[in-house]
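Take a look at the structures below.
You will see two complexes here that share chain A, one where it goes with chain B and one where it goes with chain C.
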Partner chain A sequence: MQVNIRHQVSPYFLFFIIIGAQTGVGILGFHRIIAKHAGYDAWISVLIAGVIIQLVMFVMIHLLSSANGDIVDVHNQLYGKILGSIMSGIIMVYFWLAAVSVLREYIEIIQVWLFPTLPTWVMAVLILLLCYYIISGGFRVVAGICFVAVLYTFLLFFNHFNLPRNYIHLDNLLPILDHSFADLLRSAKETSYSMAGFEIILMVFPFIKNAKTSRKFAHLGLAYTTLFYTVGAFTTFLFISEKQIQSNIWARININTLTTFSFIQRIEYILISLYLIKIVTIISLMLWASSRGFKKIFNKKQKAPLLVLMVLTLVLCQLLDNRYILHSFLNTVSSISLGLFYLYIPLVWLVFIMVKKKKRVTR
Partner chain B sequence: MKYYLLTISIVILFVLSGCQIVPTQNTNEISIIQGVGFDLTSDEKLLGTIVYPEYRVDETSKVEILKAEGDTVQETIDRSQNEVQYPLVSGQLRLVLFGQKLAEKGLYPIIDTIRRTPEIANTIQLAVIEGEASELLSIKKYGKENIALYLSDMIRQNARIGELPTTDLAIFSYNYHNDGNDPYLPLLKKEKDKIKINGIGLLKDDRLITTLPVKDVFTLKMLIERFKLGTHQYKLSEDEFVVISNIKSTPHYEVKVNKGIPEFTITIKMDARLQEYRSIDRGPTDKKKVKQLQVQIKNKIEQDAARIIMFLQENGVDPIGLGSKYEAHYRDFDLRKWEEQYPNVEVKVNADIEMVHTGVVE
Partner chain C sequence: MFKKWREKKVEDTKNIEEQPNTSPEKTNWVEELSRSNDFVNDHTSSEKTEPFWISYFRTLVMSETLHRDVVPYLSESHSLDRVKNNIPIQQTIVTSDKKLIKEKLLQGFAAIRLTEQDTKCLLVNVANNKFRDISFPMMESTALGPQAGYVEEMDTNINLIRKHLPSSDLHVKEMQIGKLSSTKVAVIYMDSIADKDNVETVLQRINDVQYDHISDSSYLASMIEDNTNSLFPQIIPTERTDRTIAALTEGKIVIVVDGSPDVLIAPITLAESVVAMEDYYVPWLIANYLRLIRLFGLCVSLIISPLYIAVLTYHYELIPAKLLDSLVASRAAVPFPPIIEVLILEISVEFIKESSLRLPTKIGTTLGIVGGIVIGQAIVEAKLTSSILIILVGLSTLASYTSAIYKFNNSVRLVKYPIIVMAQLLGLIGIVIGLNFLLAHLLRLTSLGRPYIGFYPFRKNMFKDLWVRLPFWMQKENPDNLRPQVKQKAVFDRRSPGPPSDFDE
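After this line comes the complex of A and B, so read on.
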């Protein structure tokens, strides 16, 4: 089920796609969530989570290359047409929910920090129009946007090393490993929402040239995001005390308010505005994946499911109208991702490998 | 298809910008709050004093002062809002002052409001006033000067090159929230019609406990933070004075735990320059003399620091953050137990001062 070579991208794009999909709104506020259990040892949890996602990525790529297609093909080969379509549908719905969660969370940040009176739908319509424009250009355009977004994450990465002397306290991190291993694992679990996004490989895989031999780019991408989040957590913990961080919803933005220039006092406004490019990337990728999946399931043109998804996104964004609903929604999405990609996919992989072996033996 | 989409986008952009979805504010049609002061009135209400500049076309700008009472911060602002031509906005706030009575009762509700507001930067200056903040902000002399900017610059420059420890909202809220740290704020005082820094206000949680006079502030700064610049005078005997200029000063903390009781050794490493020396004998400040001065200053710093730490322990405040050093060192740290231990904990101070040079003459 290979894709026409005209629509494929070079292998190294996998690096940008993985990073583009993974680094989202989580960067600004995942610190307090991961610090809930493991306190300020949580940066170690990020490293643990980094190792786990490398394993999951290995499993995913192995599964996809042995099926020689995307997750829809895997499901169809494993379950047959009808049950396979239902299972693929669930994953496509997850991609859509992920897109909605990122969009709504970003709009919330804008509403809290920049424009309190901005209606949700205005921002949603503007961002979705941009995403539609990108997705209608095909996968190669989406991959190109990922490249631009990753350039922005490099900027954000260096932003972590802005450590004004009067505000940092190395004591915060000491004593290291003050928490039990179970706590560290619990915190590692909490990173799943921030780390989510790499599952895009399930749909992207056939679009990569020589995908089977170029898995190193996917692993490199994951390594980069792990480093990014670890450094992010580590440096943020230097600024804010352990009790204070629980009250800071977006710790990273708070830290950026410490930086001022004579020509611009509030650098965080620029940071938030520039964030649009990251958000657009994730939403484009997720909606592209979702609509591509539905296209294959229903055998329609991609435009039809895409438009439906966009309208549904708009509706759902409007329904998530306060912080608490949004929060429980984010939690739901992250537990779905946990269940689907850390439990279900490895299970599918095991079954798939066994079935394949059996087939080979019987043949 | 794509042109069609582009057209829609452009049309939507124009329509939306015409819709006034986000209310706009023109810079010349807002009252920019630059400083606020809060006091406690006799009936336990907040008295807010707002400082904002009023720009006129044909005059130089004038600073307006508004006062209003209320139970919450926002109410005082809303009551002031009723008196002004243009809406009050807080994005350029630089200074928040607290009257002594309010500081003794607790600052947290106000700090919390400030932190909650996204427009307000994390680097604004806070200060405690000996007396009333409203009285201090309405001194006539500073009417043209813009008192809010004046005071925030005054605190900032004194922290940067003077004796005052660095303080702002971010540092305050760190110290407030962190276990084993207590916040401290500069203490301002009105004297005739001048305003001056009159020491450091020491807080426990969010309540002002006691104050440290100006002469001890430099030593406290040496104990708290790493810094450059700043001068201080030491009186060696009745008519012998020496002033050193700090080049670089760093405190090092060492914690030893002996049967559950911590012992602290603070080593202040300081490179200094001889700034001024005054005594009856007008001999040269040669190597021997400088060595001798060095020992005398070292003893003086150690005595001062020991006295200040004793004072802090007696009052149960910990601006140095000994508790947090202990917590970083000791895994079984218990905050409640530490607070009981703190007044009796042994703290040794070593000053390791090195006269790097003596200026251009010897």
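After this line comes the complex of A and C, so read on.
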């Protein structure tokens, strides 16, 4: 199914969409998770993860352009209508879960830092309304929000260097490569969830003009995020010691509390509030992808699956009511993402390519 | 039964529609028009059998022209064709079509017949077209640049445009809309530059308009806008000639409506609301500074009162202790929560704005003094609001008028309130949610189907002449978002005229 050219966006938006989908709440607190195994060498793991996601992205784009459509088309061509729909449904459910996890994690941050007594559903309803307004404007508007959100991440990038100069310890990072390669890989695996989000390409691909020839924008986007996370990890490790980081859930917010000006202090309040646009971006993208997938599977208008998904999101957010449940939920989502996009998709790619070759030979 | 009722209703409406069409065929147009007292139906000769009969609307014709150029020639000859040749007026028609005669009489023509019962008559244009002279643009005044503003008459306005662009490329498409008012509308564009689709869209939308009367171009603007429910104008009205000329040469479309001194420009982007024509009459660095000030003013007027509420209701930790001292001291005696305080002030400022706008300038000035100074002073002394808030609201009021387009200022006035409410509910997060809704709304808006918000999709040359104004020699391209047929402007690249200095030799 070809997308109308009026609804498509220019190729370079792929860059913004990938970054918009990738940089989420993770930026604020991924340091603790990746430092568990590799300690101060974890920034190397980020680079390793960066290389791996480039490979996965290559595989995804190759798969999508040989199927000439999105993942639903791939599945339908490979498995037929019924089984294909089931497999696509699983991926769409993952997109929905990813949206829920980002939403719930952000509300958690707000409840910890800004409004301790704020009910979860209030924030969830407001953010979902905003997302509905964005998604109902069509993909062009979703891409527009990505564009603005990425402008905000450019600001966040400079925020990485906003460190109290007197308390920087360069020797924190030395000696480099103190940990075993297995530890580095383990940390890279932990990073992968923070860097997840690029799988949005599976649904976005047909909406990009001349998508087949403009894959460089996707890879550039991934490179930027890798740089972003590496610099983030690097600068945070310069400032916080290895033991301390394990007790810091949101290391970046803690660092920002130290910044003061003569007319304003507690910059982290502004940081967290402005973070909303990043959250809205990810949730809009994920729910857009999910509802579009279900639209294609069930042949309904996009409005119906979107509204159903939003109600379900609200319910699930209410259910994840404490840190412990939330944590295990996040772990589940992250292992689903690992399984789906680092194992399943490459496998599908191999099979798809072989089937296609065989077809060509028999013809 | 219901069906019967509906059929009857349909018949009724048919009758109503047909009535005015059928009746004039039966009655004479002279009789019909004579029911109005300002209709004159005179005999020019004292003999009953001699010609001519002349009829016109006294209130529509220029009597000087009538008596100088028409009446003297009537006694010289005895046939309509002879009269037609003699009269020194070019616009004359000989016809017996009743509908045409009536239409022309209502436009200020005079009808001349040989006998009273004659159906054939000569129509002469003696219309009084004098409205007022061209004057200064009132709402968009500038210190520099041309001071010619549009007037209420369409031909004068088109004349102003044509005089500045003497090119055969400038096409004017005229049409009439409004069932009762038959208002003349002209769509003007540069045929070789403007995008054909844009022109098609505008013509199509104007043709589809159905309304009794079009009093002003804003009627038309709100009828052909993409999203009528939006606060933001997607077609901007302007009374400056230079603005329309610049728009035309870039490939935009200009719509002139008879009876309105505001000329419409479409398609536009949000960024154009901070572009004043004066930016092009001052050095480019100063122009950028002014543009930045205007943009900053818009942001300030949007968020300063919500920020006050958010900070004082929820986030007083944001303010350093020393600054908080003076804030708290000024608020200590105020018995209300910040939101009430802000609403009292914002609404009283709106009162002052609204009342001084409706009154003549002389009283308006007095009112400003009474409202601004006396009430402002008293409201602080009565401890109804803090003095710091007076400063902030005063600033935001000033800042909300920095935009160059009056219609846009009004939108900013109203957009503020939802954000104020959100700030009260959720503090900083509320403000950001409000701003995000605004952003999403702006992203969704289109003007003639082209994106409204100026920076998405991203175009390189918007940093040459939209958000930033670079020197003229660098503005080499017409804006991409208009899809102009001609991409390049005629630019002569000469940065430093004159012989080179000894350093450059």
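Keep this in mind: the second predicted complex is superposed on the first by the 363 of 363 C-alpha atoms of A that agree within 3 Å, B and C clash if a C-alpha of one lies under 4 Å from a C-alpha of the other, contacts with A are read in each partner's own complex, and residues count from 1 in each chain.
The criterion applied here is as follows: a residue touches a chain if its C-beta (ideal position, glycine included) is under 8 Å from a C-beta of that chain, and two chains touch if they have at least 3 such contacts.
What you see is a predicted model, and the numbers here were worked out from it, not measured in a lab.
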item: Touching partner for A:I264 - first (chain B), second (chain C), both, neither; value: second
item: First (chain B), second (chain C), both or neither touched by A:N322; value: neither
item: First (chain B), second (chain C), both or neither touched by A:L126; value: both
item: Touching partner for A:V280 - first (chain B), second (chain C), both, neither; value: second
item: Touching partner for A:N210 - first (chain B), second (chain C), both, neither; value: neither
item: Which of chain B and chain C A:K243 touches, first, second, both or neither; value: first
item: Contacts of A:N4 with chain B and chain C, given as first, second, both or neither; value: neither
item: Partner chain(s) touched by A:F115 [first = chain B, second = chain C, both, neither]; value: both
item: Which of chain B and chain C A:T362 touches, first, second, both or neither; value: neither
item: Doubly contacted chain A residues - partners chain C and chain B; value: 115, 118, 122, 126, 130, 133, 260, 265-266
item: Touching residues (chain side chain A, partner chain B) in the complex; value: 112-113, 115, 117-119, 122, 125-126, 129-130, 132-133, 136, 165-167, 169, 171-172, 174-175, 178, 239-244, 247, 254, 257-258, 260, 265-266
item: Chain B to chain A touching residues, read off their complex; value: 1-2, 5-6, 8-9, 12-13, 16, 21-23, 91, 115, 118, 121-123, 166, 170-171, 173-174, 176-179, 181, 225-226, 321, 324-325, 327-331
item: Residues of chain C touching chain A in the complex; value: 314-315, 317-320, 323, 426-429, 431-433, 436-437, 439-441, 443-444, 453, 456-458
item: Touching residues (chain side chain A, partner chain C) in the complex; value: 9-10, 12-13, 110, 114-115, 118, 122-123, 126-127, 130, 133-134, 137, 140-141, 144-145, 147-148, 260-266, 269-270, 272-274, 276-277, 280
